[in-house]
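Per-chain numbering from 1; labels A, B, C, D, E and F assigned in written order.
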């Protein structure tokens, strides 16, 4: 029953018991960002939450409410801030949100916390939030251990080779493309409009960024490489790589017993 | 079909069209906070989102992803920060989140934005976030109008008189009590454990606050006045007051035509 | 001799002795804000200081210099930021001022500190300032106890019933109205221009706020309900409620002996 | 009648009229800081306010409520932060206070603002506050002109030669010494305890500072050079230099007509 | 004569002339960070400056003083914060430095600014600094165009194939390894101790990070993959890729004439 | 061999050894600021670094990379922000840089740190950076001792009498004048253009500052008093005063043995 993994659907008394039993807490760090005409604006936080719930269900963990607004979209990995609907926060805002959340989970008695980043641009501001919290909490003395991960990094090479028979274009271009679309078809198929996948070929970016952004670098659809070829089956394989891989990483790093 | 009111379930292209058509955007400002043994930790953001969706459905609006972490819980209105599960942010973090979100909705072309506060302690930091954004955007020159409300303020006196035949204890004590429980029974009954409602009588607070908090002032359950007598029927009446009232306020202030 | 309660009129050596003897320190948190044509711009900090001095004289406490600039005036409780003379600070500024002051009183060896809020809009940013300081100082380990209060909350129901024979309009509307005017007539009558009291009836606000503010909601005088009927006698009764009530609260919470 | 120069004793309507007539506004930037056994903790803000009122009376200006808390006391100019009673704020707090105040006076329509610094350590954080405000307000386009001064810099050499027949030790050492004591004897004699002036000779500081501070560098009384020889007469002469000099500077810079 | 490219070696009058002539300004964004036993702590800012000077010499640009302190070193790309000598700043500090610098170059009349990132961990905080400045300056209206680049991204695939006959381990592991060592041998050979290159094989990191860091993941030398095989010749080829590539990018994006 | 004093030219292993042996670390805090037509924009950080290196060579210390961007130039001591080339940061940025650097040197095990201020406007923001770091590190418990100095304060009166036979104009006016020019002729003569020294006589400033600045107060060259009469010989004498004086101060305060 997946409801039980969602912290915000539990009473504080149930949550307290779960934390006392050592539950790992997952904090999805997503975004509200254009994902082409075929995926919803919430893709990044919805996927980060779905993956967190998948892992939590495997290991008896809990999922905190997602951070639904992420760092500013950049043209080369998310299309950029000129798209309508992309709703981003300043770096300091995101770092403060993460710092405050980590501080609170520590107060709850959480010993093992996993920040699941689902938006490429978030990584470093989430990192800084963790660093600020750990400094404030006294580092290793706090008894808190935090894992931070970008979920796509758990895709295995074999899987990528199969998913991209024509060669993997790299994660940065995988915005609203095959991986995200397939994962959405696996986890939240009702939010995917396969018929609206645009034909935009892979964007070709130079090895630098410009400010103000060169919006002409980005396909008008916001898709950085084609989502054609996405399928729920591919999504299931990728999800297994990711959720299974995170579950193994969590068990290994946090020295947990395998949960029956 | 309620799905269509949720911004994060729309593609950016659909969202852009809706914004261009003048859709009012609602931003629920909730919290993750203990709500006694019978209500979930997410009550404040879940209710703020449900009410926002209810209003949005009535007037053709859109609901942005909720801010799920609110300002620090205070003993006299939310039980306080000593409860496990309550997960709060600093005032500056919340104000920055709101400021950044308002700035982005303005960039999208949103002209009419409603911040629906669902957590008593949020009000002033949400206010400051709006004030900071409006100053940056140039005030009235921005063309953006923002409404901020605490949803319970739309309960009508007649309704309160009926819901509380023994007298209304006031909104501050209404934490995890009859109003919130009844609204949850109306909107999200699967998350209410009626059998776990504690008998805690109304808390009796002095006219001041102490830091560090006097935790003994607060019932150990976290419920500030009894939720006994809550019902889905009362919830429906309160929801009608609130959602209907907000819809009327939005139409009146934003000079909208009545939507068929 | 009231001079002796004012910290800034004592030498550091006298102050140090008083603190070593356990003096309670009061920090008035006021504002510079329009208060109609009949009350001065300094009403909020002048009253907070006068009340603090009244209490300090009763219990042997000390009054620190007032914070004379408060959080931004809101239409529904202070008239709003469109009035000339209202001089407000950002929320983060006020919280930082309070945090820094609390940190310093702690360094002095003060164990019992009372923040007397005299401006409705200040409450939450003063709260955050205290919270930030207490976190930095280590909470209960600091040995410092802080009380925060809004002085009007000590008005007794009986008194309000007498002062408002036609019914009490509520504290939010009591801006530049009977309570503040009467208190000023009691404490600082030379600053009241009774002949300039406007006839503005009670403002009637909807249950939400708008940004930019709807200035037409606010009487042009800045008075939210009429100050007619104010008197020094009422002020004396209210002052006795407030100063006496605070003195009792301080003695009760801080386990002080009654001072002869 | 000096009351009329104090902004916080005027109604907003009177203030608005005065501002519309072009009144120069003075903002005293003081501190709460030890000033030896013979001067009160409030010396810096009390003197800055008194001098501001003196100038304002000469030129028809207005005095805003003083900033009563200043930047951290340094051993070589104020004795240091190890003294009880010294109550200081972080640099960013002071700069934010000043920035916010300048922004508000600009909103009021004030065109000519004078920040009267009465605490040596304040100068640069007050400067930064002004710089931040002017940048935000658009610099010269704002129509606002701000003067910042440290009041002691208006003491004339001839006067210093007379006041210090044995040679002027310099302003940094003039903490709680002859200039401040004489000015207090002129403006606020009831707050000076001449019988408590200590015999501490001039402190002798090296050309550097140490952190943590070398508290042994500072006389235990907190007086950096002797206040012996202070007199109300000297105070009157210094006050004439200062208040007269500021008045002349204000008239010259702001191209005011001489006020009858 | 390379001296002339260094802004801080020119008088303001010469600089003003060069800016008026349209000179591109380069701001190296480096770090002070361990780079193994064979490279100096300043490698990142020294290389970013050397490359900037190389490019500036080719196109008639100017090099501003380097930011010599970068964002916190992470185990998987820089070894981590547990190394002595690594001297890092908070993310907000770095972003503020960059924002302030960009604002100032804009004030100077610089139209074309290039931020040359020489420290992997800097990228996103430098990005945020640019974003904050561009928002403040009004975006495209400012007339300022900024390029941000990580210099290693200009290494061509053919070169990498030659430099790493056994396969390129990726840029993240290229900390204190063949690319940096070869570039240092090209630009600053006197600072390289070839005899101290350790034998540490490539570090093998999992697809996540832990806080507090797992310091055992990182070779004690701080070198993430071996620098064996580094040579000045390779450095020259890499430098030509990088400096030549940046020069071409600058000319292309900024529509400059080729400089004779 | 001076190279060995520069931290950024050492490997982390050499640096760690030097720190373990008790090396004093010097952090030059300079600026990029106009210094007339005859001195380079980098004068303040170049001189602060050269002096730091000179002292470090005398006592076996180490010099960290300079902070090359300082607080905003003020007309009366640096010419002001209206000059092209002057590149300044906000006060909070500089304080944060210093705070972060002090925190890191403490982590390295540095016990004795000297901040060498080479830009008049930096003093108070550097002070605040140190204060913020020391508070965070626990003050005296940290085991860290920090000295902060403005290098010109070590010029001896006898030397100034000789260098300025016509009378010393004071350090504030000594911007780009005889002291700085002579020190540059001593340390970095290749960067001085003696033939471009302007004839600008000493600027004559009133005892207050104006915002926006009165740029007409400042000679168009940016030189506040004439650099005529500067010489390498004078520079050598001043350098001996300064470097020798700092070396003595460091030995005295840090109880070091005289280094052979």
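Here is the rule we go by: a contact is a pair of C-beta atoms (placed from the backbone, for glycine too) under 8 Å apart; a residue touches a chain by one contact, two chains touch by 3 or more.
Being a predicted model, the structure only gives us computed values, none of them experimental.
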Minimal step count in the chain contact network, chain C to chain E: 3
Can you check how far apart chain B and chain E are, centre to centre, with Cα atoms defining each centre and the answer in Å? 47
Compute the distance, rounded to whole Å, between the mean C-alpha positions of chain D and chain F. 29
Contacts with two or more other chains, residues of chain D listed in rising order: 90, 92
What topology does the chain touch graph have (line, ring, star, complete, other)? ring
What sequence of chains forms the ring when you start at chain A and head for chain B? A, B, C, D, F, E
For a test of understanding, state which residues of chain B touch chain A in their complex under the given definition. 3, 6-13, 15-16, 19, 32, 34-42, 45-46, 64-69, 81, 83-90, 92-93, 96-97, 100-101, 104-105, 107-109, 190-191, 193, 196, 222
In their shared complex, chain B is touched by residues of chain C numbered 71-72, 74, 90-92, 95, 121, 123-125, 127-128, 130-132, 134, 139-140, 145-150, 153-154, 206-212, 214, 245-246, 249, 253
